[in-house]
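See the structures that follow.
Note that chain A is present in both complexes that follow, paired respectively with chain B and with chain C.
Right, the complex of A and B next:
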């Protein structure tokens, strides 16, 4: 039975080989990697094309009488954005959240990754991995909804306060709640970027530091964290950029009064129906995001996100 | 010695806090979904499965879930060949403009999701395919493709090229080598990537929000629309579906490739 199957598979492969040999003379072997890359390149091309459309649209001003975008290019949308202080406030709110969320997730994530990598108990390691992957694979909408139940007017915390004769507090639709939701969303990302870097640190180095009389926080600060730097850089860049550009948490937990840049872009398109304005905000978001990443890389090095990580390249 | 104990206390306090913090919103959804009351409050008014029974009556949620499954299936089916072949090409072959290509293929991660969504919305609109469901699947594939390429690259890096050379020396033609040596060796990476791609597409929100209209909303968008109106327990029951699917995915990932691979140093 199984030998029958094996011979069938071999015949199938022979057939495929014949097709390949006919379509693909051996002389064309040099083209192989480019053919392999073609589907991925084409898929990403959709995105590149989309960026061109956004850039083009950002330079066309909306005519309020006809609701058509202008035929000619101008910087009118950008000038409008520069005039309105509300956008400056939104930018500041997004940047502040990105900084706070990055710092807090690193502070919460380093011990988690450290214990997960270093524990001798495989059962504990598995528990920590599951505790990480479950939320990682549950989307932002569901998690934000969970926070609404925890923090809502009749939610878990306010009910608890009620029993104590306190509250209720207005917790949802506030800025700190948006930040808390984002920290919970980003924590698994941070730990997943940190863990490989901590795995790469030999345990002996820490033992040596301890043996030479360093206190545990000195070992952490002068030995572990500097050696885990590639992971710290990768985690902070990923957390910073995703937070800066997030839409769902400020939308659902912010209740309209705590918009980030992404919400302003969405409103540009769908609330005021001004595609040019929304596109100009989108272009600015890309520029601000790339500037921040460039500055972070310049300050910290590229870490594990660098391009030369592959040994075979 | 006391220094070591102090470290354990500090680290463990943070780890326990993290575990509770990560689990809290999801656990609370499960608790809330079993209430017998009309609204969600604490402590819950009683235990019942009425909201799950109601879920079976709500056709719109079921339709939205089927659409999300369809979108996730398209994303996975497209990303498996595209990501696997790209990873093989990038790791195994010398190619021109390799750095430029890598930067280009990382575009889905460097462009903010909201901007990717808007861009794809404009492209699909110009192509006249906005308002159909399969472009949403294609879009979720584009924006998450680097995950697939990363997952497979890790496996390709771990594969000794001499194995392929040995097969070729023994007379196996290229197609045989590819299907009997290369592909089985990189399969763990393909499985990991495919599972992650499926889950990301199944949960995808902002890009779906931009690319769908009222007729073809996916499940996360449907949940989001309901959150805006009222917070009722039927939404908790729908969300539990997501939690169950995530549990299944984590179990599958652990069974097939082991979660530990994410701890390996690169």
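Right, the complex of A and C next:
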């Protein structure tokens, strides 16, 4: 680089530094991290404000003569939820699905992520990456309708069974259908959370395990999985919380008789025009979901979702 | 008009005065011309400024097509104001309208095409403009008047029946004659209802051995019948689902609005309908205008509602829907003459179950919740 050009660049940089110093004095440098945090804080503040509004609404009962919410606070909506066993049933259904989907996606996601990370074949890695990211280009609703085509009364499977003189079977609009749809939807999320954790396991450690005579499943069980624990925790939390709060899959694949708590919240607001009831269900969902995640974090740590990672102080 | 005649009668008439009176006379004639087109009296030459468009909430499919053909196109032709149809679901736009009025904002739509029950809830909440005084309200059938409300915060625009629709191939010997057919084990998993049971609760009351006089005091027969129906694993959905399910062969029976069954049939799906011996629920839909609109837009929103009540608009609109309108003297569609699901005479309503709107408004949420409780079990 010519000395003239170098001189010009240095002068430019000096100019930019002068502008920076004028706009942001050196003494204010300590505030820089907080400035970068500000958008996140603002977002969380808005979310918290929304939750406060929902919480306030949950304490106001609907007056059916005017369809206005009460001016005074009461626990009437919560009492109504406790009275109606259907909400307990729906909550149990949602929690069960969240647990089952989390466990199955972990069981399927670990081998997928492991092969994707460890394979020596770049073609296979690319194929697995495409398989991982392609579903994100297709919305959840479209994928749910895809299951209708596959599992419907005149769908692919029943048509095939018909050719063999069998069926048709009732494969759609059942609870297992909803769970299967959710597993398909959540699997990419689980793999995305597991892959970095598996990448962080040094290959030498696995080689050492093999060298000491461990079988592949022993290496997997005693070496890989414990070291991948942060990823397992992160995947569990993400899949659990999204499944617990899902609306579209139960709505489309459930046939109306397999609602999750999000569907019940929707009905509270829109089917019976009772914002207080819908809000109370929403508050309960947040409390239950938060409790489950807190317990998981307390038992197993925050995994790759936490600030403190393996190898740091 | 009187001033124009006086000017014309004066001994010395200037050309300017003649032209002025002539134009006022012409505008007056044009106003009466619009009356002939369905606007009635009262549309004056000095009408408020016209908005570029008015937004009318409508249900999709055959519903919005019928509204467009019968009302919106005619309104646009007469006034030059475009009509945009908002297809947000009635249940979803309701909290938006309530919130807009409560917060003093302009509502997102000008006219809401709604169920009379939902419209009544909005009227009770005080978010609906009074439509009294519209010219086309005169002479409408009594069913147009909202029940349990003062004046006309809403106006009912047609009746509809929740029929028992069935796939022709599943009933080669003819229509089923009772709602009990829903409990036939061979139709397990092949029966459909609305996801909150709307339109079915009164029929279930009778089918369950109860009486209409016990509604709403004792609905146990209805819940017992619905509990039995639960073992049939019915599908629960909305209007578009029924058409899709009939088309895909997923169901043989459904409790659905006549318009949906008729539309499916007209699109080549082999489906028919009947009013079983226990009767079928008959309800009405309504139009209402939310509060908070600018004055000029409010005026034209009311004009839209007024136009929808004219005989010309009602004839096209309700014929396409296959539903009896509220304007007198309408000609029923050929395929529905004599159909018990298309009541036109008082005796036709004897087979139908009509629950007063105030009862629905007060108890519908409980009925939905109870239905949900049974079906989600």
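Here is the rule we use: the second predicted complex is superposed on the first by the 261 of 313 C-alpha atoms of A that agree within 3 Å, B and C clash if a C-alpha of one lies under 4 Å from a C-alpha of the other, contacts with A are read in each partner's own complex, and residues count from 1 in each chain.
Note that a residue touches a chain if its C-beta (ideal position, glycine included) is under 8 Å from a C-beta of that chain, and two chains touch if they have at least 3 such contacts.
Everything numeric in this text was worked out from a predicted model, so none of it was measured.
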Item to check | Partner chain(s) touched by A:66 [first = chain B, second = chain C, both, neither] | outcome: second
Next on the checklist: One more residue to check, A:25. First (chain B), second (chain C), both or neither?
Outcome noted: neither
Checklist entry - Once the shared chain is lined up, is A:152 touching chain B (first), chain C (second), both, or neither of them? => result both
Checklist outcome for this item: Of the two partners chain B and chain C, more of chain A gets touched by chain B
Next on the checklist: If we overlay the two complexes on their shared chain A, which of chain B and chain C does A:269 touch? Say first, second, both or neither.
Outcome noted: both
Checklist entry - Taking the superposition as given, does A:202 touch the first partner, chain B, the second, chain C, both, or neither? => result neither
Checklist entry - Of the two partner chains, chain B (first) and chain C (second), which one does A:247 touch, if any: first, second, both, or neither? => result first
Item to check | chain B versus chain C as contact partner of A:211, first or second or both or neither | outcome: neither
Checklist entry - What is the contact status of A:130 with respect to chain B (first) and chain C (second): first, second, both, or neither? => result first
Item to check | chain B and chain C contact sites that coincide on chain A, given as residue numbers | outcome: 152, 154, 269
Next on the checklist: Applying the document's contact rule, which stretches of chain A touch chain B when the two form their complex?
Outcome noted: 13, 16-17, 20-21, 32-37, 39-41, 43-44, 46-51, 53-54, 57, 107-109, 111-112, 114-117, 125-126, 128-135, 137-150, 152, 154-156, 159-160, 184, 187-188, 192, 195-197, 199-200, 210, 215-217, 220, 241, 244-245, 247-248, 251-252, 261-262, 265-266, 269, 278-279, 282, 285-286, 289-290, 293, 304, 307, 309-313
Checklist entry - For the complex, which residues does chain A have touching chain C? => result 64-68, 84-86, 89-90, 152-154, 170, 172-173, 255-259, 267, 269-275
Next on the checklist: For a test of understanding, state which residues of chain B touch chain A in their complex under the given definition.
Outcome noted: 3-4, 6-7, 10-12, 14-15, 17-19, 21-26, 28-29, 32, 39-43, 78, 81-83, 85-86, 88-95, 98-99, 101-105, 107-108, 110-116, 118-123, 126, 138-139, 141-143, 145, 149, 153, 157, 173-176, 179-180, 196, 199, 202-206, 210, 220, 223-224, 227, 231, 235-236, 239, 242-243, 246-247, 249-250, 253-254, 259-260, 262-266
Checklist entry - Along chain C, where are the residues that touch chain A in the complex? => result 89, 91-92, 94-95, 98, 118, 121-122, 124-126, 189, 195-196, 233-237, 248-250, 361-362, 364-365, 368-369, 372-373, 375-377
